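Notes for the one structure printed next.
Think of it as A, B, C and D in the order they're written, each chain with its own count starting at 1.
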Amino acid sequence: MPTLYNRIQGRNIERLAALSDGIFAVAMTLLVLDLHVPSAAQVHSERELLAALCALGPQWLTYGMSFLTLGIFWAGQQTQLNHIGEGTRDLTWIHLGFLFTITVMPLSTRLLAEFITYRAALGIYWLNIFLPGAMLFWSWAYATRANLVNADTPDEVRGSICRRIVIAQALYAAGAALCLINTWVSIAVIVLVQLNYAVAPRLGGRKPK
Amino acid sequence: MPTLYNRIQGRNIERLAALSDGIFAVAMTLLVLDLHVPSAAQVHSERELLAALCALGPQWLTYGMSFLTLGIFWAGQQTQLNHIGEGTRDLTWIHLGFLFTITVMPLSTRLLAEFITYRAALGIYWLNIFLPGAMLFWSWAYATRANLVNADTPDEVRGSICRRIVIAQALYAAGAALCLINTWVSIAVIVLVQLNYAVAPRLGGRKPK
Amino acid sequence: MPTLYNRIQGRNIERLAALSDGIFAVAMTLLVLDLHVPSAAQVHSERELLAALCALGPQWLTYGMSFLTLGIFWAGQQTQLNHIGEGTRDLTWIHLGFLFTITVMPLSTRLLAEFITYRAALGIYWLNIFLPGAMLFWSWAYATRANLVNADTPDEVRGSICRRIVIAQALYAAGAALCLINTWVSIAVIVLVQLNYAVAPRLGGRKPK
Amino acid sequence: MPTLYNRIQGRNIERLAALSDGIFAVAMTLLVLDLHVPSAAQVHSERELLAALCALGPQWLTYGMSFLTLGIFWAGQQTQLNHIGEGTRDLTWIHLGFLFTITVMPLSTRLLAEFITYRAALGIYWLNIFLPGAMLFWSWAYATRANLVNADTPDEVRGSICRRIVIAQALYAAGAALCLINTWVSIAVIVLVQLNYAVAPRLGGRKPK
């Protein structure tokens, strides 16, 4: 009897996409709530204001990095859902698991901003990059196996999505491992990998079509 | 005269779905706002940081449980709305009542996290699982009675949606009743029931189609 | 030259609807952020917890009232936009003005919860019911005058939307005026008027079609 | 190999629009979270409440200005996306950069409300008007160059969108430069420019079609 119900649940991929867009939109905007403005009581001149703002640098760094992370995962899940016509309840729940890891992002960002020199904080932040990637990989592997991918999707695309996730995650893991040396090195490498995925291909690829 | 207005109100089921997706997205993400990060002033080593994070365990448990609850209700309302072509203002207001119970979820989560050993807190949390279920049941019963359900929906589906809600709610109520013994037992049973609805059928059902 | 730009701006009524749904979803959920949970430090038994929760009654009353207000205006704007095929930039800006009054609702709710016996707080809350109503009236009057209303909308519907707003606002204004006697009387009357618009027609109208 | 992936990413312009609507909806509503209500402990009469509310004037001014800013940019990006049929990953990332500047708006609003007489705060706020404008300009220039603009878009429209941004930004920059005299003058001029774009054309242009 639950089998019938399970068959009719989660068919509507547009609703899943709308929920995802909503969660990404809230998560991206909530990041700012944790950024603090200097207090007027402690600032008495323009110069002190600028100095106080500069002192918030690490906060900004983690904020920018998290926005990049969210942007990369938003682009990734959007690409995958575009190639799926109809969902199943399993796909819905794998995707909800993915979204769960996204809602935690503001929290691990806050943790890293508070403890930016601690390896444990960086390790948790890295987990928050690894887990969404793993869920997306699972989601795509499941969709391929269950024949949910649109028939007109070329085979190269199917493989390229998986390879993309694996390579990106390998680079992130390598970056995170550098925290054994120093967390700042680690953060710098992760941001560079992210920028590579977000920006660099634009510089090289002049002909987008 | 209000009758005419009432007839033209609430027809657009897509808008109702969009509002629901938005409210679920915000509620799911707002849960995190109540999770606190250890304060840098009280932590002086990697080990202390990990210990401080572990101490936040109960917070995480309630957070995870609430995300599961929201996921289950999101999947439920989505399935129901998928089978409805055009709304009425009555359906709109029943659904708004359902959404009201969803917006309260971050609050009862916070209450349970603060008073996790109190039966009153668990009772209120359980109410917040029972009421959305009751509203969804009402919404579907109304839609069936008022002929709003799409004509191509098989009769088994109509019944299966009602049975599903009744059985799930009976299990949740049994779990909540266990708080007479101990609230932790109660929470464990509720989470197991939720996981059953979210995860277990995937393990068993190899053939999704 | 700006004239051309103004002609091409704001045509897409779906995007305006999506922005509205998003703002209502956030506003409805943000209301909860201002509800406080009793502090664990001050509660030592199940009985004290229940007592502390009951003491939060006025908070809950204003919260429930604001959710009703938001629900009524969401249903209202949705009905109006359903009858409009393509927007103009003027309609966009009137609607953005309406949405501005909606985003302020969590603030006037907080003000009323903090100062529930003050006529000034109630007056400001009433303004926050009056202004969205006035903006919706303006929006509909403009859409009618500028021929934006779908051609298949019967003339009775056009008039009924205006009458609806005027009658409801007259009742709200009468309710708010009662604060000269007592703010609690005033709140009770406003909630009754709201419930009349949300619930009562359902009890009377058995045949929704 | 990433080239193939880059080609299939970011095609769905509706998803990009949905994410934008979500981010604008959250940002517009989050502004209110920074507005404070007077504390009940310090107010003992209706008159004191009104006085306390009036003292919050500067807060309200910056809040209103930021809502106007967000409204103007929402209308702008909506107009541009309406003329684009299919995206590319480059367009997605330029647009995500634009959305990043939007999510920062609640923060620079908070900064300006706290330091309303400081030129540094006003300069940062102006940057937060300049950067979204620059990103929108880049986005449109890129879309034109990469042939993403719908074929039925007249050439005048293409030029008018660019001119619009340049002229508006020139006026904002002039307004911001006035902070060398006084930040209040600067704010007044920026608000007047904004109102000109939001309201004034409605007064003049009686014939919207």
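In this text, a contact is a pair of C-beta atoms (placed from the backbone, for glycine too) under 8 Å apart; a residue touches a chain by one contact, two chains touch by 3 or more.
Everything quoted here is computed from the prediction, not taken from an experiment.
**Q** What's the call on chain A versus chain D, same or different interface residues, using the half cut on shared numbers?
**A** Different, since under half the interface numbering is common to both chains.
**Q** Which chain lies the greatest distance away from chain B when centres are computed from Cα atoms alone?
**A** D
**Q** For chain C superposed on chain D via Cα atoms, how large is the rotation, as a multiple of 5°?
**A** Result for this pair is 90 degrees.
**Q** If you average the CA atoms of chain A and of chain D, how many Å lie between those two points?
**A** The mean C-alpha positions of chain A and chain D differ by 25 Å.
**Q** With centres defined as the mean C-alpha position, give me the chain A-chain C separation in Å.
**A** Whole-Å distance between the two chain centres: 35.
**Q** Indicate the residues of chain B shared as contacts by at least two other chains.
**A** 18, 21-22, 25-26, 30, 33
**Q** Inside the complex, what are the residues of chain D that reach chain B?
**A** Contacts found on chain D: 22, 25-26.
**Q** Give every residue of chain B touching chain C within the complex, in rising order.
**A** 1-6, 8-12, 15, 18-19, 21-23, 25-27, 30, 33, 88-90, 92-93, 96, 99-100, 103-104, 106-107, 110-111, 114-115, 118-121, 124, 146-147
**Q** Can you tell me which positions in chain A touch chain D when the two form their complex?
**A** Listed in rising order, the residues of chain A that touch chain D are 17-18, 21-22, 24-26, 28-33, 35, 37-40, 43, 46, 49-50, 53, 64, 67, 71, 74-76, 78-79, 81-83, 156-157, 160-161, 163-164, 198-199, 201-202, 205, 208-209.
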